[in-house]
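Heads up, there are several structures right after this.
Next come two complexes built around chain A: one with chain B, the other with chain C.
For the complex of A and B:
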């Protein structure tokens, strides 16, 4: 049975015990999928699963009051957020049913956009999109364009070590074999720059920030939400001004609050309407956490996240040697 | 009488450079995958073939604007006595916004009714509005999220612009829309374009046709009011919203603001910044009470404001120019068109019997 059909059958079976199941459906055009909230059997037909299902739906899990029983459909990387949320006791395992999927990668619409722009075409004008034989075939402005899926997959998929949901109550389809290595090689070029060069880079990027906080709200691990210090006036940490200092300061706060919790799902970067490469900051911290604590967020349900725990002496921090 | 001029394609940048000699010229440029407006400088390469991610809203209504600077001065005779010195800071800069879309320019007509109305005029807004001209580029190929034709506009709508450019084979038809726009057409780079007018009108018609049939939101004001207390409806249509506010920050017609005093020591400034009805703090009262406690209440406000409350007090004008940015850049693909349509088409849900 194809994955989607199997998933639908599983949801149909579990739905009676749930208030809703969150999955992906068709969005406003052929390239966009959108979260759908399945409450009855008829809604199940809205479900879609393909490489355009980019959203990490686990971000909705903390948006419903306790007591609701919610099903969530997750790819491998998304499932790590569920694990991390459980580890931090932000959700209750008894109230969640995880529909896990195998995943070979999702498209980065930013890359699709750039690939089309190189041919002087615009992503906003794509009239049809099909995935076939490793290609994303698009009809746009009277032309047919075939993009190799590999060229437009999200970077995270190229280094994916968790193609299959790491936690699940139901699993549809056959697990994807193999895993890539992720030694944070993409950071090398950035780390080779001087501090001034790095700051200069961020100045250039943050200038376009419209301070909308889509990066924050899309993040499944950002749970302060309405009470985020970025907007609080008491205490007044960040001014309402829109200078580079405020914008960058907020990103640093976000990154630090996510250190050791960020599962590098990339939703912050995907949500940013002006394409600021936010994942770079998060990856840098992820790498530090990996080196210091041998820990990758959201991969081991039984383990306590290192920054939520206290150890008199950390194995990799040689305090006495200083 | 409107003048029709022609500008050869290879003279476009030259004309922009000429305009930039005496004023700030904002043009769309690409940074990463995003198109944003930036002041034109010698090596700037403007891009006109696509809609900018961020509209040129900040040209007249900055994301953060200093309204005044203030200083506290202690009385040396009596240190408990403190006076405040205030300096008003209206600093309009002569500007041309070059290459925005008709929707972007029309967006300011929504602002005008509020900030430059009969009863109230905002001096900051007025000063910037008067010092800013719009040389707009008619759209030749609308995008999937576009719906300007729903809200009484079109891909060649001149409303809100001073000059309208229409891309043609080999160049642009350049037409003045306002008196101030006419003054920009004196450049020697422009030649007579009267023979190209027909071609431009055909291009306008083709672009409009490419949008497909328009849906009329005429009933929306009444229907949205009818659904005001139908929270079931609002919860359903807002389920996927993550309350981020990208939709309002990128909207050419969203004009709500916040005013705060940002003080360091004895000095400070009072600033006005873009606010966002999708955030909790927008209606948070000093008592702690919030009349719009959930994202459903807030999305209701955004849609209601644009398609109901605003038209009700402004002679039917819709506070949305149909640019589609709130759809295109919403991380969850919330579609305002769908919500307005559903509000009209769906009956009000009956409250369940207790």
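For the complex of A and C:
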């Protein structure tokens, strides 16, 4: 049975005990998927699952009042966010039903757009999109374009070690084999530059930031919502000024608040309307956390996140070194 | 020593602030670049304090608290140690030299050690020189762009 049919059957079976199930459905055009909130059996037909289902739906779990029973459909990376939320006791395991899926990567629409631009085609004119045999087949302006899926997958998928949901109550389809190793090559390449070059890089990137907070709103771990210190007047951490310092400092707040918690789902980067490579900051922190505390966010439900704990004698911190 | 630089020190009320006091009472000669901000505990230090200080134009930031096992609040400095170590390793990726930020432990009786810490850190910052401001060039560019807009608009 195809994954989607199996998923629909599972949701149909569990729906009576749930207030809502969150999954993906068709968006405003054929390339975009949108979250669908399933409350009755008729809504189940709206479900879609293919490499265009990029959103991390676990971001919605913290938005509903306690006591509601919610089902959520997750890919491998999304399930890590669910684990991390559980670890921090931000959601209650009894109120969540996790529908796990296997995933072989999701498309990066930025890459699709650039691939089409190379052929002088406009992504806005795509009439239909289907995934077949490792290819994304698009009908654009009367032409048929087949893009190799491997060329348009998000960067995070190339180094993914968690193709299958790490936590699930129901699992549809067969688990995907194979584990890529994450050698942090992108980070190493970035860090080959001098400090001045790195600062200059971020100046260029952050200058484009419009402080729309889309990165924050899409982030499943950003749970402060309306109490975000970036919008607080007292204390006034970030002013309303549009200087580079404010923009960059907002991103630093975001990164530091996710240290040891970020599951690198890449939602911040996907949601960014001006394509700032925000994941780089978080990956740097993720790498250091892994080196220091041997911890990857969202992989071990029983472990306490490292920055909420301590050891009297730290294994990897040489604090008297200087 | 050449011109003074701006160094901000976040000191724990119970140990390091006392240590700095001891150093003063003992009349140990110290460089005068450091401005001290007194905090109840090194555990009070949000890594964002340090980032905000550096972005705000400080050339260096020093955090000093009680030695591990000596915290007035039992475990504040243990949490601080983890956060500050993560912060220290984060700085290079945004283009700030790791050496501009240090954290250390000085107890109230260690006037001598305080003198050593301040002198070493101040020398380290002087070796690195003034920090490059993040927004300075961007502001200049924005102003230049603003000026290009002031062209004669035909009536």
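Heads up, the rule we're going with is that the second predicted complex is superposed on the first by the 317 of 322 C-alpha atoms of A that agree within 3 Å, B and C clash if a C-alpha of one lies under 4 Å from a C-alpha of the other, contacts with A are read in each partner's own complex, and residues count from 1 in each chain.
Just so we're on the same page, contacts are C-beta pairs under 8 Å (C-beta built on N, C-alpha and C of every residue); 3 or more make two chains touch, one makes a residue touch a chain.
Here the structure is a predicted model, which is why all the values come from computation and not from measurement.
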item: Partner chain in contact with A:248 - chain B first, chain C second, else both or neither; value: second
item: Partner chain in contact with A:271 - chain B first, chain C second, else both or neither; value: first
item: Chain B versus chain C as contact partner of A:5, first or second or both or neither; value: neither
item: Which superposed partner A:259 touches (first chain B, second chain C, both, neither); value: second
item: Partner chain in contact with A:284 - chain B first, chain C second, else both or neither; value: second
item: Contacts of A:120 with chain B and chain C, given as first, second, both or neither; value: first
item: Contacts of A:151 with chain B and chain C, given as first, second, both or neither; value: neither
item: Which of chain B and chain C A:294 touches, first, second, both or neither; value: neither
item: Chain B/chain C common contact set on chain A; value: 243
item: Of all residues in chain A, those that touch chain C in their complex; value: 187, 190-191, 195-203, 207, 237, 243-245, 248-249, 252-253, 255-256, 259-260, 280-281, 284-285, 288-289, 292-293, 306-307, 310-312, 314, 317, 319-320, 322
item: Residues of chain B that touch chain A when the two form their complex; value: 31-34, 36, 49-51, 53-54, 63-64, 141-146, 236, 239-240, 242-246, 248-250, 258, 260, 262, 271, 273-274, 276, 279-281, 325, 327-329, 331-335, 337-338
item: Residues of chain C that touch chain A when the two form their complex; value: 47-48, 51-52, 55-56, 68-69, 75, 78-79, 81-83, 85-87, 89-90, 92-97, 102-105, 120, 132, 134-135, 137-139
item: Touching residues on chain A, where the partner in the complex is chain B; value: 27-29, 32-37, 55, 59-60, 63, 110, 113-114, 117, 120, 122, 124-127, 141, 204-205, 208, 210-214, 216-218, 225-227, 231, 233, 239-243, 267, 270-271, 273-277
